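The same subunit A turns up in both complexes below, where it pairs with subunit B and then with subunit C.
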Partner chain A sequence: MSRLPTGGSRIDRTRPLTVTVDGVELTAYAGDTLASAMLANDLDVVGAGIYTGRPRGLVGIGREEPNAWVQVLDHGGPGTGEPMVQATTQPAYDGLTVERLAGRGRLLPHTDETRYDVLHLHCEVAVVGGGEAGVAAARAAVAAGEGRVIVLDDAPTAPVVDGARCLPDTTVVGAHAHGRLVAVQRLDSADGGGARRLLQVQARRVVLATGSEERPMAFPGNDRPGVMLAGAAAAYVERYGVLPGRRAVVWTAHDGGHAAAAALAEAGVDVVAVLDVRDGDVVTGTDGGSDTGRVTAVHTTSGTVEVDLLAVSGAVTPETRLWTHAGGTTRWSDDVAGFVPDAPPQGGRFSWAGTERTAADTGGRAPAAWFCATDLTDEQAAGTYLDLHRDATLADVRHAVEAGLRSVEHVKRHTTIGTGADQGRCSGVLAAGVLAQLLGEPLGRVGATGARPPLVPVPFGLLAARNRGVLSDPVRVTPIHDRVAHAPMEDVGQWKRPYAFPSVDESLDEAVVRECRAVRTGVGMMDASTLGAIHLRGADVGVLLDMVYTNLFSTLAVGKVRYGVMCGPDGMVVDDGTTMRLSETDWLMSTTTGNAAAVLDTLEEWLLTEWPHLDVVCTSQTDHWSTVAIAGPLSRDVVAALAPDEDVSAEGFGFMTHREAVVAGMPARLARVSFSGELAFEVSVPAWYGAALWDAVAQAGAPHGITPYGTETMHVLRAEKAFPIVGQDTDGTVTPADLGLGWALSRKKTDYVGKRSHARPDAQRPDRRHLVGLAPVDGTSLIAEGSQLVAHGADLSATPVPMLGHVTSAYAAGVEGPFALALLDGGRDRIGEVLDAVDDLVGTPVRVTAPVSYDPEGARRDGA
Partner chain B sequence: MLRIPCPHCGERDETEFHYGGEAGVDYPADPSALDDVAWAEYLFVRADPAGWFTERWCHVAACRQWFTIDRHTVSDEFRPVSEGVRA
Partner chain C sequence: MTVPESTALLELRRSPLAGSAFGLSSPGLTMVEDPFRQLVEVRGERPADVDRGHVWGLGPGWWLVDGPPSEVVALEAPLAPGNRGVDVSGQRTVVTLTGAHALTVLAHGCPVDLEVVAVGDAVQGVLAGCQVVLGRVADDGWRCYVRASYARHLAAWLTDAATPYR
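Right after this comes the complex of A and B.
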């Protein structure tokens, strides 16, 4: 044991605990990190090189640690665990179970059940860092009466600042525009569990008091266990009462290394030499033991000493990563021998608070910007590690320079130095310094590599926080949902819609066949409440609709319904649906289920930005109405029973008309529209009557065998009529003419949105992709949605295989068996041709047909 | 996360807004009078400066109004629309 009998400012010796590393139980105290527990239990090897597999020991004490990566197997609860955690930042708690890693973790094989939460904090001043500079900044902000002041500190105990809220165990991982910080707060760190909270902090002003970090110097054999940062070695004594070694050499390039040496000596380490590069002393190599490879001897320019600890300190420089996240720049400082904050992030929300002292401040010697010896042989260079986490060496940087790379960012990507999960804290400046040496350029010109969020690894589960599973997206259901909730559901946008209504002894496909037959030969009913409904009111609605729909609407009479196709200015289809005129000034537009919000946005954008003179007000009414579609040759009988006062005959209630009526005692709107080609009605009632309407339709239809049907049946029925579904049969590259809807393009109107684009030569090409039908040549094979269409018999191994089109919709249960809709190059000129529909490298021969495969004359819409 | 100053509601989170791209691109008075090049210019060609940019936003999650504002595309600072630029 290397635990001292006393001392350790962060541990509580009255609370012993046990952690398990690779099956071995280690004793520790509350307040320990996993790393200090490893060190206290003389675990020399904390990891292995990612490529070399060489044993590696602890180097640092915080997030600069390159070697001690562990896989957390159990965070203290079922379903917990974490792929890649730094032992130096992981609190030790009873039951923590980990495996050491060779630089790379494994994704969890199960859902991460760790408790994650999110909290939004708003404040006037956010101070990042609870050290001397942070506390001073927070006190100044409070004293100035700036308002709410928050201090975010990643230490387990936060400072106390009267008038400010201080959050311990909180690591800011990203600093973004306009004073937004993203932070990770560890919950219950002393008592275990991986529970964490994501903090979204919005501040008027951010003070970055992120302190400094220590960097090493490089030399041959520097990857042995027992080679540590000097400041970290001393801090293990102070914080945790753990001796990092018994007999040590300290090698430094700045005065701080001497202070660390003194602290180690005071704790009882036999410090046999303190070497300073400023005096010409350089470490030239190490020897190691045959078991763990731990350092046993250090070779220096002034001789060889036998030790078990080599404490190294290159310099201490500001941690500027958050500064650069927010857009601040850094510059090289000879005084500090590091990169220091320069221009602040633009916008004035971020400032830097540091207590860095230069040699001039302390009356000491200036630090040396020393990185590694310049006269190393190739063999020595291959054993001089610049990035221990990435197993990259001086030889790799030499190779990059020989290959012609000059930019520090290019060398980073070529060597992977600084790309690891430790963000290159021990390696970034070393690599830049070495590059400057090799290029013979000043470090200020070579520069530092950029840093990007997150500052430390963050579990994806934490970013999602509570927005997981059923809470990942809002769920919308109609007022009729209770009546259909027993059916398997399909997600349509955020809506849950019944896919089909299989009976207990029926498959889904069988149910769809039965439901289709009911609509084609009898009568079916469907909840159609999810279609978007937008109420339009004003004197100029007709003018607006004439612009946003390709066909003419201003002439529509009150009581009539018209189908319209909506395009973007680029001429591509964006939506379709029917619109009814309720009065001279009131209209009701229906949109595709998934498009309701987007269409409303589009209408309002035109009205607000281009045609503010038009008298039109748009109101979303999607949730205001419950609608039941009653479809099939017997639907008239059902509606007659529901609304006995209405004349629902073909003559008395024409196709594409609507009226207000009393239906089963409820105020309702009745419309004769059809999405199946069959005689059909839609009944709409105020939303809260939805379930009552559903029950009434079911009851009135019972004598006729009315059959509830779902979305898949609706899709089969509409596909047989080649009614396109925008977003399924279209993809933003499809014009109305491509869909066979050229009849809907007004030639009378001087303009509509998209008209000019429809006149472009490209929109007129005869070989554009047209919507066509497909039928399997053998009459029975299923066609897969998304299949690519290629020439029949095309050699699929002779890439590239010319693609002729793709399948947009495919169904097993058409009147004539399986069929599909597809977009096909020059499709309308290929009807009758045989092609292959290729799915997963298997081609199914298909015959190109006209898109409408059922009742092409439209004879059935008035009833059989 | 940008904080966007809506002229009607005040400064709000970016997630409440839709972006509308470059401001001042009017729908042509008579599209049929434009040749294909001019029409393509209207449809597709937009400025993309590294610096101040006059652009449109819609506060969809609140007042639903469109407005025009200057944003510095490098620093993300906002300022009122500069003199002489049509809102």
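Right after this comes the complex of A and C.
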């Protein structure tokens, strides 16, 4: 044991605990990290080189540690575990079970059941770092009355600042524009379990008081256990009461190394020599034991010493990663022999608070910017590790330069130095310094590699937090959902909609055939509550609609319904739907299910930006209405039974009209619209009556054999009538004329959104892609959705095969058998031609037909 | 179109969270559905206060009036002269959150700064992926207006988020 009998500012000796490393139990105390527990139990080897497999020891005490990365098998809670955990930042607690790694972890073989959550925090001032500078900044912010002040500190015990909220165990992993911080808070450091919280912090002002970090120097044989950072070695004594070695040599390039040497000596380490680069002393090699390879002797320019600890310190420099995350720049400083904050991030929200003292401040000697000797042989260079985490050496950097690379970023990618999970804290500046030496350029010009979030590895499970499984994305359901939930569902955006209603002895395809036949010959019912609804009110609604729809709406009489097509300024179709006029000033627009929010946004945008003088108010009524469509030649009988007070005859209730009515005792709106070409009605009630409406329609329809139908039947029925589905039969390159909706392009109106584009020669080319129908030549073959259309008999092995178009919708259950809709170059002039629809390199001969394949005369609209 | 209120009519109603067993009552947190409210979106001047109800500002000249379940079920709610209101009663249901942990539960999923919302004010935002209006009725009391189609998802999410506060 290397635990001293007393001391250790972070440990509680009254609370012993046990952690398990590769099956061996190690005793530790509450407050220990896994790394200090390893050190206290004389575990010399904490990992192995990822490529060399060489045994590696502990180097650092915090986030700079390159070697001590472990696989957590169990955080002390069921279903927990974590790959690639840094032992120096992992609290020790009873039950923690880990395996050492060779630089690479393994994905968990099970679902990560660790408790993760997210919390959004807001403050006026966020201080990152709870050290001297952070506390001073927080006190100043409180004293200035700046409002809510939060201190985020990654130490297990946060400072106390009156008037500020101090969060311990909290590591800020990203600093972003506009004062946004992302942090990880440990909730488990006392009791284990691995629980963590992702904090999304929004601050008006951020003070980065992230302190400093220590970097090593490189030399041949520097990867042996027992080679540590000097400041880290001293800190293990102070924080955890653990001796990192018995007999040590300290090698430094700055005054801080001498202070570390003094601290080690005071703790009882036999410090046999303190060597300083500035005095010409350089470490030239090491010897190691035959068992763990731990250092036994250190060769230097002034002789050989026998030790079990080589404590090295190249420099202590500001930790600027969050500063650069947010867009701040750094510059090389000879005063600290490192990169320091320069220009702050844009926007004025971030500032730097540091207590770094340069040699000039303290009256000491200036540090030396020493990285590695320049006169090493190739053999020595291959044993001089610049990045222990990536097993990359001086020889690798030499190879990169010999290959012609000059940029520090290119050398990083060529050698992989600094690309590891430790983010190259011990290696990045070292490699840049070596590169500068090799190129003969000043380090300030070579520069440092960029740092990107996250600052430390973050489990994917924490990013997902509670939003997993059924909570990963909202599922939207209609008020009728429970009545139809037994059916197989189709995802339509976030909605769940019944695909079809197969009986127990029926396949899905058979169900669709039966449902289609029911609507064509009898009566069917479907839940249409997902359609978007936008209430429009004002004296100028007609003017607005005349502009956003391609056809004329201002002439629509109260009580009437009109179908409209909406285009973008580029003239391409963006939505379609029906709009009904409720009164002189009130209108109700319906949109496609997936487009409700986008259409409302478009209307609001035009009203706010181009036509603010129009008297129109838009109110979303999506979700307010629950709608049941009743379709088929017998639908009139069903509606008559539901609304006995209404005249629903062909004369009394014309096509494309609507009215308020009492339906099954409920307040409702009745409309005669059809998405199938059959006689059809839509009944809408306020949402909380939706389920009751569904029951009432089913009951009233029972004598007529009413058949519930799903989205697939709806699609078949509309496709036979060539009613397009925006987003399926269109893709942002399709005009109304391409769809055969040229009749909906008003010639009378002086303007509408898209009119100028429709006048362009390109929009009028005769060979544009037109919506057409397709039927298999053999009458039975299925056509695959997404198939490419090519000339009949085209050689599919030739490249390229000229594409003539593609299949947008395809169905098996048409009245005449399988059929499809397609977009085809000059399609309206190809009707009757035979083409091949190619799917997976197999061509199916298809005949081009008119898009409307059923009842082209519209004879069924008023009932059979 | 109005239909005289009747017991038969009231019994036809079904709230978005009916049957979902949603609800929590613990010392620091109470969550419950307050269904069948009369909700009207109004543009123009601020409407008069509503007895046993709330008037929330959603934006400049944009209001959400939340009144008790009405005596008369109407497609168009009666409004003060000069105001333009659209009935959206069926569009949302209300979940009330009360207690010391109410704000924290919301902050687990809502990126809006709720601490600065004054009692009597409301904010629109996204909570757990659902568009919501959050109205503050007391220091520790909130009314969460959620679209009917999202209500079950939000209820499941709230139930999960409240786990540490049971």
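The working rule: the second predicted complex is superposed on the first by the 726 of 864 C-alpha atoms of A that agree within 3 Å, B and C clash if a C-alpha of one lies under 4 Å from a C-alpha of the other, contacts with A are read in each partner's own complex, and residues count from 1 in each chain.
In the analysis below, a residue touches a chain if its C-beta (ideal position, glycine included) is under 8 Å from a C-beta of that chain, and two chains touch if they have at least 3 such contacts.
Note that the structure is predicted; figures quoted are calculated from it, not measured.
By the touch criterion defined above, A:Arg756 lies against subunit B but remains apart from subunit C after alignment on the C-alpha atoms of chain A. Of the two partner chains, neither subunit B nor subunit C is touched by A:Val401.
Residue contacts after overlaying the shared chain place A:Pro569 against subunit B, while subunit C stays out of touching range. In the superposition on chain A, contact is made by A:Gly327 with subunit B only, not with subunit C. Shared-chain residue A:Val801: touches no atom of subunit B or subunit C. In the superposition on chain A, A:Glu610 makes contact with subunit B only, not with subunit C. Of the two partner chains placed by superposition, only subunit C is touched by A:Arg466; subunit B is not.
Residue by residue along subunit A, subunit B and subunit C are tallied for touches, and C comes out ahead.
When both complexes are overlaid on chain A, the residue A:Gln202 reaches subunit B and subunit C alike. Common to the subunit B-facing and subunit C-facing surfaces of subunit A are residues 200, 202.
Within the complex formed with subunit B, the subunit A residues making contact are 176-180, 200, 202, 327, 345-347, 569-570, 601, 604-605, 608-610, 750-751, 755-757, 759-761. Here subunit A touches subunit C in the complex through residues 117-122, 148, 200, 202, 466-467, 470-471, 473-479, 482, 495, 530, 535, 537, 617, 619-626, 660-662, 665-669, 686-692, going by the rule given at the top. Here subunit C touches subunit A in the complex through residues 1-3, 8-9, 12-16, 19, 35-36, 41, 43, 73-75, 84, 86-92, 104, 107-113, 115-116, 128-130, 147-150, 152-154, 156-157, 160-161, going by the rule given at the top. On the side of subunit B, the complex with subunit A involves touching residues 1-3, 13, 18, 20, 26-28, 30-32, 34, 36, 39, 42-43, 56, 58, 60, 64-66, 72, 74-77.
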